[in-house]
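Just below is one structure, and these are the notes that go with it.
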Amino acid sequence: MTEKKLTGKIARERIRLMEVPRPPEGLIEGFRRLGHASGILSDIMDELGITGVVAGSLLKPTIPGMCIVGPALTVRNMVQREHVYETARRHVNRMAEFEAHNLALPGDIVVIEGVPGISNMGGISAQTGKRQGEAGAIVCGGIRDVAHSRGVGYPVWSTEVTPVTGKWRIETVEINGEIEIAGIRVAPGDIVLADDTGVCLIPRARAAEVLELAGRKALAEEAKCRVIDAGTAIPDLPGNA
Amino acid sequence: MTEKKLTGKIARERIRLMEVPRPPEGLIEGFRRLGHASGILSDIMDELGITGVVAGSLLKPTIPGMCIVGPALTVRNMVQREHVYETARRHVNRMAEFEAHNLALPGDIVVIEGVPGISNMGGISAQTGKRQGEAGAIVCGGIRDVAHSRGVGYPVWSTEVTPVTGKWRIETVEINGEIEIAGIRVAPGDIVLADDTGVCLIPRARAAEVLELAGRKALAEEAKCRVIDAGTAIPDLPGNA
Amino acid sequence: MTEKKLTGKIARERIRLMEVPRPPEGLIEGFRRLGHASGILSDIMDELGITGVVAGSLLKPTIPGMCIVGPALTVRNMVQREHVYETARRHVNRMAEFEAHNLALPGDIVVIEGVPGISNMGGISAQTGKRQGEAGAIVCGGIRDVAHSRGVGYPVWSTEVTPVTGKWRIETVEINGEIEIAGIRVAPGDIVLADDTGVCLIPRARAAEVLELAGRKALAEEAKCRVIDAGTAIPDLPGNA
Amino acid sequence: MTEKKLTGKIARERIRLMEVPRPPEGLIEGFRRLGHASGILSDIMDELGITGVVAGSLLKPTIPGMCIVGPALTVRNMVQREHVYETARRHVNRMAEFEAHNLALPGDIVVIEGVPGISNMGGISAQTGKRQGEAGAIVCGGIRDVAHSRGVGYPVWSTEVTPVTGKWRIETVEINGEIEIAGIRVAPGDIVLADDTGVCLIPRARAAEVLELAGRKALAEEAKCRVIDAGTAIPDLPGNA
Amino acid sequence: MTEKKLTGKIARERIRLMEVPRPPEGLIEGFRRLGHASGILSDIMDELGITGVVAGSLLKPTIPGMCIVGPALTVRNMVQREHVYETARRHVNRMAEFEAHNLALPGDIVVIEGVPGISNMGGISAQTGKRQGEAGAIVCGGIRDVAHSRGVGYPVWSTEVTPVTGKWRIETVEINGEIEIAGIRVAPGDIVLADDTGVCLIPRARAAEVLELAGRKALAEEAKCRVIDAGTAIPDLPGNA
Amino acid sequence: MTEKKLTGKIARERIRLMEVPRPPEGLIEGFRRLGHASGILSDIMDELGITGVVAGSLLKPTIPGMCIVGPALTVRNMVQREHVYETARRHVNRMAEFEAHNLALPGDIVVIEGVPGISNMGGISAQTGKRQGEAGAIVCGGIRDVAHSRGVGYPVWSTEVTPVTGKWRIETVEINGEIEIAGIRVAPGDIVLADDTGVCLIPRARAAEVLELAGRKALAEEAKCRVIDAGTAIPDLPGNA
């Protein structure tokens, strides 16, 4: 079988994996059924001693009310060394997040260790990601063309929004390597869940275990909510809620 | 008359008041009639030499467009000393904001001097506060489960949102004592008004005076707005607006 | 011809221009046709070596989804020296942004080098700006009465929102002089475009050139979007998108 | 035995302990022999799963090169509610860190959960602390009169320095209660070690264990240093250093 | 009498005063006798209801242990509009702090409302200020060549140090106008006192009154210190210190 | 010739170069002769359109008054994924800056893209670097044991100091690859000059050109200083200084 055709925007050897490992059958659906579950997942990760949660105050969603789940397709960006005054005139474009879209399989979430103060993803890129079937993106750094990505229904969680392009300022140096997002280490294939409260980054090897425990906790919380709705006095709530 | 049944989540002597002093008849309704009045109240407090205003950029609302008014039921949280790795496994839960909900009377606003970077109030807690008839909450620190609290119509103003639970990280050390919110001292029973522009914290003893003056100012501003709508040239506006 | 009647809130000699230079016929309409174009304009400015772009993370819109374009009417504010405790009681009001509204021509955008942590524009001021036909305002500093300005459909991009009035804390020291907004120098008559992603401040003398190039780039981007929608594989996209 | 004479600056019931628990014989001397050991103590606390370390970038020393060790005498400050304009004129002084000095025994370290942006300890206070035999102070918040405290040889680690007095702005609300310093919970009697690199806050009950392990580690590190000085190649260093 | 010869680096009409108003005979010496008195001055300004104190954490001295006093010679800098890539090549230098040195009289303190992230004063400039007999400088923004200015004994308090020149990035737009330093309004001739704890900016018209009260307070504090040194128990200190 | 013996702390293929390219004969000496020249180098880089300067406010020296020059030996650190509670107990040490010391040739400067809030270099490491003949280190992130590194005369410029070890928290993932320091791209062999004012990072290929121009500028500045010392009036200074 021949390898997928590439864009050539980044050297082949800097693509550590051509395809993000597929999550086991039903895993993503399982997480999705939990709904806006960043809180529950964070609790389970606490109990298992796993780090991997980022505040929604830091990674802010472009489309409030959305919740996405999927495996991480990772991208690492760095600043270019050349002066932007020159690269902008000579159109020296070293960004390669389109290669990431090219490699994306349906349901993937593009997770970018980006450059702060600069856009690491624009509207056409978002539209392309949508077409490829991605669930959305997580960007540590700036993004732009928010109206565009909202318009096509491609949600992004980012630390900043800014019109300033990364095209002449950024170089994509690695795809599907290990990256760092807001102090959290992320590997390709780690499971990402993002909602209005924040972003959970679950190590692939622990995802099934996390889902199992989260499912149980979700049931317990629903039960608790029913008891509260039923009017039980707080001192009589199980565990006092 | 016997005292209200308690949850036992916090020592009895750390609850400084079992009930927040009730505002005088009509006071809350009076403030409510002013609408989104954080600006007018801030002006009156300026004129009276009262400090007590926090920017909406700092305490951000979960439900834009809401405006709440009510007496403050105060809660003070501190970090736990034990390592979260251990408390999370052993389920050492020292948060007691459910005791605050238990003590709340309809219309109260729970005001939490919380811990930064951590959730001081989750969705089930918000749902419980809603059921108790609280107007909402003000949290200096993180909150979580934003979709949940929005879903039940319980508005919260907080400095952060994050999935990371306070259950194993926080201890509630006092209820209805004096607290500090963003540099402002708050006593239980102080009147809170919160809208999209910010939060006003009015000392209980001055609230009637503030309302009286605010009502007059609101009328004057409405008059001014009518004159502007009528097309009067700016140099001819009274006081040049 | 007699000069416009003034409010007297600021000395006449501190008004550097009585009227913002009018953009050439069709220029504003041209920019408006580009839609949410902060990204495209930023790119063109990059290519021409022009600085003048501010992140939407810094200057945040009060009405998401809006996009405004127009010439800048500039205002510079400074703190008052007197203690606010005294000025608030004595009603020492040295703000003069109403003079700016008075001088505004339809389509102008009021751009304020304001004071941080304090409101540099309130609701009545926004309503007045709306009546004067302004497109909106850009405020480096705080604003207040967000519900009011939203209600009258007057959009503002500001770094902060806070109920704390500038009336007794701020002095307007110059109108239609050169100002600095988030590190960018702005002259009266510079063309402002603001959307959810950020604010572009284009020197007046370069605006036609920027528009010309931006128009071409917008067409090219639309073409690119059509190709993407048509399903062309990423490695086959022109310039790989 | 009669209780120590008090200043009356704070209500007696707000003094949780009249005397900080004395460390066991030899403990402080043991820590002192380790020298600038914040790094070693931090390592041992890591291994034992104890939190309690604050960066020297945050708590900066007034006298570089100093290292102090001793038990914590804790103080909690809050802002006053009244307007400083009034309290400054009426000399409403509610600070009580002189009561802390009054209660201090030789070797104690005053640890203040202070108010940011304001001085929580001045030069006369530092001089008094020196006379009482305190080892120094740790202040989360501002201090002032740096030349004075340096002059009497009383070292302070603080987050800020500022001339602005707390006298009319701060109220001391508790002495020898539990406090929070830069996210770390501190109890009276906890062992404090501070050097140029940072501050360690060791729970009293674990201090002997920490010292024991730290002593061993210090010996191992000295041995390592001798081997390095002797010129052993890095790949041949034990554990590769 | 002819006016002083100028450098021509800034338009004559942008120099609001050719000479900073001289302080009354003995005033500066009076302040100087107080020593490191930022704390005492801040207290007196508090009592008189005067704002004007900046934290030493914000304006940091280049030469610790120094204390300077003198009248403010004010300078206002703004960013240039042109791209630094071009101005640096074409040597477009619009800084005019050398004009400030030219206008300085012995004892003046140059106070610069500078541009952040960029040097507003370098080593040759400091050396020139020293030669002119200035007491030093206060710079809100960056400075550079710290070794040079230390070497010639010219102390500077600045918010930043950075090698990046302002020559091609900054324009000096006003000399001896009113400026703003860290939220404090400063007029030419205001009295500046700076020490390790911070910077006091005293309105010229109030300086004699401030000095008079500060002198009395300094005497009272010295008396207090003698009583402390004499060993009086804290509860017996006058006013409990 | 056999390759240098390695420590094995990092996989061989993650060491991109076994040896930092040697600067041409005399280059380092040439820079050294310029003295505290971060300002001059920054100017030359500005004129040549080269980015590469970091503020001394950000990268702060441990030994004020030092100035170092040398080629960069680069190190990239990332957080570990495992929970520190576990790695600290199991002594999972993945830092490999000792491998960097092992590879260092006399005069090299270790430049670390480190992890914030954590120490990326301790005292024993500094002592080892000193023994290897390194000129010092630049660390974007924390360092510790400041007394130790000062004691052996090994200067470090870092963004933070903190006792918290990186041993159980950090993984060194690359040596002598390209890194990013405070927004500046650095390649192994780039020339580093650091003084109290800041850090210059000069691309290897441009270093000779920068030195040549800097030497000329240094001469011109010295001449200017002599003219100033000679008492020439400012308006008569060449270029008005």
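We just call them A, B, C, D, E and F in the order they show up, numbering each chain from 1.
The working rule: contacts are C-beta pairs under 8 Å (C-beta built on N, C-alpha and C of every residue); 3 or more make two chains touch, one makes a residue touch a chain.
Because the structure is a prediction, the values reported are computed rather than measured.
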Set of chains adjacent to chain A and to chain C: B, E
Chain F and chain C - chains in contact with each: A, B, D, E
Recurring contact interface, reference A-C, options A-B, C-D or B-F [over half identical by residue number]: A-B
Size of the rotation, in steps of 5 degrees, that lays the CA trace of chain A over chain B: 120
Contact-richer chain pair (by C-beta pairs counted) among B-F and A-F: A-F
Copies chain D and chain E touch via same or different residues, half shared test: different
Centroid spacing, where centroids are CA-atom means, of chain B and chain C in whole angstrom: 33
Whole-Å gap separating chain B and chain E, where each centre is the average of the chain's CA atoms: 42
Touching two or more other chains - residues of chain B: 49, 83, 85-86
Listing of all chain pairs that touch each other, if any do: A-B, A-C, A-E, A-F, B-C, B-D, B-F, C-D, C-E, D-E, D-F, E-F
Residue ranges of chain D touching chain E (in the complex, touch as defined): 5-9, 84-85, 88-89, 98-99, 101-102, 117, 119, 122-125, 127-128, 131-132, 142, 144-148, 159-165, 167-168
Chain A residues touching chain E - in the complex, by the definition given at the top: 83, 85-86
Footprint of chain F on chain D - complex, ascending: 35-36, 38-39, 41-43, 46-47, 49, 53, 55-57, 65, 67, 195-198, 200, 221, 224-225, 228-229, 231, 233-235, 237, 239-241
Of all residues in chain A, those that touch chain F in their complex: 49-51, 78-81, 83, 85-86, 116-117, 173, 178, 180, 183-185, 187, 203
